[in-house]
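Below: the structure, in structure tokens.
Letters A, B, C and D name the chains as they come in the text, with residue numbers starting at 1 for each one.
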Amino acid sequence: MAVEWKSEIKAAVPTRMRAAVLERPWQVEIREMAVPELGPYDVLIKVMAVGVCGSDVHYYEHGRIGDFVVEKPIILGHECAGVVAAVGSQVTRVKVGDRVAVEPGVTCGRCDACKSGRYNLCPDVAFLATPPYDGAFVEYFKHREDFVFPIPDHLSFEEAALVEPFSVGIHACKRAGVQAGSRVAVMGMGPVGLLTVVAARAFGAAEVYVSDLEPIRLEAARRLGATAAINVKEQDAAEAVRALTGGEGADVAIETAGNPKALQSALMSLRRGGRLAIVGLPAQDEIGLNVPFISSYEVDIFGIFRYANTYPQGIRFLASGRFDVKSLVTDRYPLEQAKDALERARTNKSGSLKVMVYPNGLPMSG
Amino acid sequence: MAVEWKSEIKAAVPTRMRAAVLERPWQVEIREMAVPELGPYDVLIKVMAVGVCGSDVHYYEHGRIGDFVVEKPIILGHECAGVVAAVGSQVTRVKVGDRVAVEPGVTCGRCDACKSGRYNLCPDVAFLATPPYDGAFVEYFKHREDFVFPIPDHLSFEEAALVEPFSVGIHACKRAGVQAGSRVAVMGMGPVGLLTVVAARAFGAAEVYVSDLEPIRLEAARRLGATAAINVKEQDAAEAVRALTGGEGADVAIETAGNPKALQSALMSLRRGGRLAIVGLPAQDEIGLNVPFISSYEVDIFGIFRYANTYPQGIRFLASGRFDVKSLVTDRYPLEQAKDALERARTNKSGSLKVMVYPNGLPMSG
Amino acid sequence: MAVEWKSEIKAAVPTRMRAAVLERPWQVEIREMAVPELGPYDVLIKVMAVGVCGSDVHYYEHGRIGDFVVEKPIILGHECAGVVAAVGSQVTRVKVGDRVAVEPGVTCGRCDACKSGRYNLCPDVAFLATPPYDGAFVEYFKHREDFVFPIPDHLSFEEAALVEPFSVGIHACKRAGVQAGSRVAVMGMGPVGLLTVVAARAFGAAEVYVSDLEPIRLEAARRLGATAAINVKEQDAAEAVRALTGGEGADVAIETAGNPKALQSALMSLRRGGRLAIVGLPAQDEIGLNVPFISSYEVDIFGIFRYANTYPQGIRFLASGRFDVKSLVTDRYPLEQAKDALERARTNKSGSLKVMVYPNGLPMSG
Amino acid sequence: MAVEWKSEIKAAVPTRMRAAVLERPWQVEIREMAVPELGPYDVLIKVMAVGVCGSDVHYYEHGRIGDFVVEKPIILGHECAGVVAAVGSQVTRVKVGDRVAVEPGVTCGRCDACKSGRYNLCPDVAFLATPPYDGAFVEYFKHREDFVFPIPDHLSFEEAALVEPFSVGIHACKRAGVQAGSRVAVMGMGPVGLLTVVAARAFGAAEVYVSDLEPIRLEAARRLGATAAINVKEQDAAEAVRALTGGEGADVAIETAGNPKALQSALMSLRRGGRLAIVGLPAQDEIGLNVPFISSYEVDIFGIFRYANTYPQGIRFLASGRFDVKSLVTDRYPLEQAKDALERARTNKSGSLKVMVYPNGLPMSG
């Protein structure tokens, strides 16, 4: 139980710790370093579970994502949960011993984006594992208290770490107006796509049509609530969705694959007045979209960048236990095998769903 | 005239039929009359199940609701479902033999309200069982095809009839912005309140707090997904909700009781920036509301009048089978006992939830 | 004055009339035909002014627009205003002698699009001058009363005819959320673009940046309220807008040119969280859009197809007299010169703005 | 510390300054005190113009507003503009010598309200002249840079100070959805009401109906763009608005008087589907509202508390010069006569509109 840990954890905060550091592309080393000092509003997180995200793998392979370039060694990992190990002098929201989910981007709170409620667009955000900021493949890190969220006892650290990719799905569903009874197509069944299926169900979607080319992912989607699975090796996704909706088209389509064809299919699967959320980041800049269709069907398109104001909502929803998101975790590694975790995520796309790293020891029961 | 009748049903369409007619307050008689003629866009509904609504009981007792006065004998009943028995020459949306839910208000389609998507505010709506329009306590009635919605085979007529009060809950949740993870207070656990609980869950509410003074209704609410039940004989509802939310207040409150105190509690249970939907129609006109609270908390208040564009959504959601709404039906009567059904609904508020009338015979298995 | 006309107009309704008929591409003939009979909800319009739209010119040249193919002779013209010459038996909204603007698309009022307030997406709309429906290059035509809107005495028929293209601008501003103080870029200064400038100012835009390649159109835009004019022969429009907003980007961009480059510039001119409305219909289907920009800036994109619920609003605004939209009319032709009007609009893009046809005689003072 | 001061201003920053201090109700004294020290993100404002608000007068008379109690001497005044006299080490948004408008409430940027874009609901806001925070009846005060907004040269300090009450009107219009062509009723023509008229016109309202009982205020409203003025001594405001809209009712009503009857009239003046914004703070808590009307007309009601994200928008709009808001300033006092200014505002409601105080000298030309 959480409260019992309090003293022992306080006692357990060391001055030195280990981290998995990406020295340069392909090279991850375990380094020892000082446990960070806390400012007045900081919380020291003892990291219990960290999901490996596609962006971690991308930095590991390429050393950059767009304008974000790894110019010095960096600690990866931003989908994380842990225990509060210490708090700064002014912290009031959490206390030592609290089990918490961590929202990875700390925003300025003072720019137009922040003030208008779209803090995910803050140009000065400090986001874990995004250069020049370090991430969570480490035993401890500090974080501003307002981005640290207590979780109920029965929510596991793994589930709490999954609130991060789940938040992307929530944000997409919110912006695209998924509602009770909606018919939603989700393209791409990587972890974000799978959690978008959960989010769509959480928002009340009556039917969720999913597409991918890996059977394992389509099966996982079905377990998480998809009502129809389209293997794009066998069917055109837009045509399949249109057939599934009696020719009418989906109310909402959400593209999570970052694939031009998937994006085009998502668009063309919509009904008149349908809404498209673009989550996936394609490799190329320009993608051809059917503009006369957008106009004549009065489609709304919403670009999705991370999320805002989703954590309490996401925690409450996962805590309800309605969906078995834990089944998404297919591979587990201790901190010292962080490189193996990254390699697993990189190479086993047809077998793994979510790979997790445990900086303070593997959980006892998988 | 439709030639494509399913033969067994065609054979069954008689020229004469029976109806339960409210001759004057308290007096209901079974009358025989002609089965109606169809216009080109009309559908003939063989009525299989009709819920008794509070408004039916009110007309039965008082002969009027506000400006709507029963000036000549009227057939009551507007929450209904049935089978398509015949269709007009231009009908394309349904065919003979289809099992259907009936949206009771037929709108003009040409006024500002209709054109702006708020057809529930159409001043020229013809609404079943609202003077001067007859309702559904009858073997057959005709209805314009665009307000007749096919239902899947596994949805019972009772459930399909419940789409009507469920629609009120859907509309309230939609206007008040209930979302995945929302914390919602629903005041008043009559049938509309109970179905609003279902709607709130359908929209993804993580927590639903309900209030009433009848234990049977609070228990029913729990079965349908309420996470906390407040007996207003024992607790102040606003204070109870505030306590349940750690002092913060609910995101959304929905008043369905038509009770001034319940309305005031609903308002005062909200968080800063909370939203209130007013569904219940109080007996008196003026109700004192805390205006400085509305201003300083920037509450949004939404008046709710019936619903619009809810039927396909509501059918899809009930068809998902996630909630056991059938358990709401506590009393069943054949057409000839329509008066008993009205009396039951009028007098057994602490024992009955939804009373149903079956103009074409009681269902075989309750 | 309008009311004085009443008797003389009634007397003046003949049984035969003239129309300008497009027999086939490039061939327009003046034909005589019967004045139409009225149904109970119909209004007979004596046509006083009709604007020539790009779509009229397109049918004149190509005999089709996309899936709409002219398969038999058709009367063009849909931007029109006139006088009520006769009314059907059930008409209540207008009376003989009323001066009116005509909203050209008559919708079914019963489909999902109509019921949800987006009747511009009605698949069964009967739209003037869109095959197979005739238009307004004719002395009289009939129209359902709910799409006929009285105008104040001081609004000219020309201005009332301009409510149609103005409606497109209103609809785009409404969907894209133009507000008091907004900074709006409008690409393409054809008549719709110019009236979108007026609409943006009507919605309170503080700054309106416009682009085109014709100086006459850029000058007209300035007269109508544009605060900066960008000649795309000289400057990149996106860069120019970015410079005009101190590097930040516009709040809203509206593309009206139907030009791929203009669309791309509109997108790239936006700030983080900006909104793009796509009004112009490009000749090709697929246009390359910068998807990573859409995602990382969380752009909203809104397809625009005609308009809905704009007429009373548009009439009230033009009646305020704040902008000199009459100056848009550069060329005037009587009905018998309808072909000349089409040719003028087709060939004089650098000199003409809006070409008008007057089926019942040229106005006395331009 | 800022080195780039305009020299003449730098020379002018003293170490001591004068302030008008409310010692207790009715007692205002001129005190000398130290010019404040700046933190890294602070800006030192040399105050040039401060409007007297009803809340200032209320604290002056009663020593409290609701839960806000003046427990020690306080400096009043929060509607202010001035010149940047010095900047903290990290300030980037403004520089010494900039003429600026000051948004008076500095928010935490970290609570749910701030993060969701509704920072006006921040429970930890530090708002000028609201206990325990001092205000602007002083020669200099410091303010966080993100609430200090540069103004163009041609906008006067008086106009810049008026951006504060104008912001209330903007926020009300935004929340209540005033649009181009809207018909808006504004009840109560105090300064906030008058600036709400300007805001409604700025948002494109075609018709603005105003009510008050002071002819001078109704005349001022007409000058600022009201299209009809209702003296509530002579007419019932709701009936008058209904008549002015041909029986239909207004699209939006905004109550700014804090008067129960005005609020009731505002509500009852609405059309079906109309929207009500409550700006005025009534003296009593409970006000009787017609709830059946709210339900059956599906009215939306929006509580309004201050404003958020309005300053750049408000400055841009006032800078356009379209409305003569300067004419609102009827009385001008130097700092040492701050008490006279408060008395003038308190006692001359039928003669004064906005009373201004000039802590650094009266402007040369009124």
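The definition used in the following text is that a contact is a pair of C-beta atoms (placed from the backbone, for glycine too) under 8 Å apart; a residue touches a chain by one contact, two chains touch by 3 or more.
Nothing here was measured: the structure is a model prediction, and the numbers come from that model.
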Higher-contact pair (C-beta pairs counted), C-D versus A-C: A-C
Where in B-C, C-D or B-D does the A-B interface recur, with over half of the contact pairs identical by residue number? C-D
With chain centres taken as the means of their Cα atoms, state the distance from subunit A to subunit C in Å. 45
Starting from the mean Cα coordinates of subunit C and subunit D, work out the distance between those two points in Å. 40
Note: subunit C residues in touch with at least two other chains are 116, 118, 312
Would you tell me which residues of subunit B are touching subunit C in their complex? 41, 108-112, 114-119, 144, 146, 308-309, 312
Touching residues of subunit B toward subunit A in the complex: what are they? 170, 173-174, 179-183, 199, 202-204, 206-207, 312-314, 316-317, 319-320
In the complex of these two chains, what residues of subunit A are touching subunit C? 66, 113, 116, 118, 120-121, 123, 175, 263, 272-273, 278-279, 281-282, 285-305
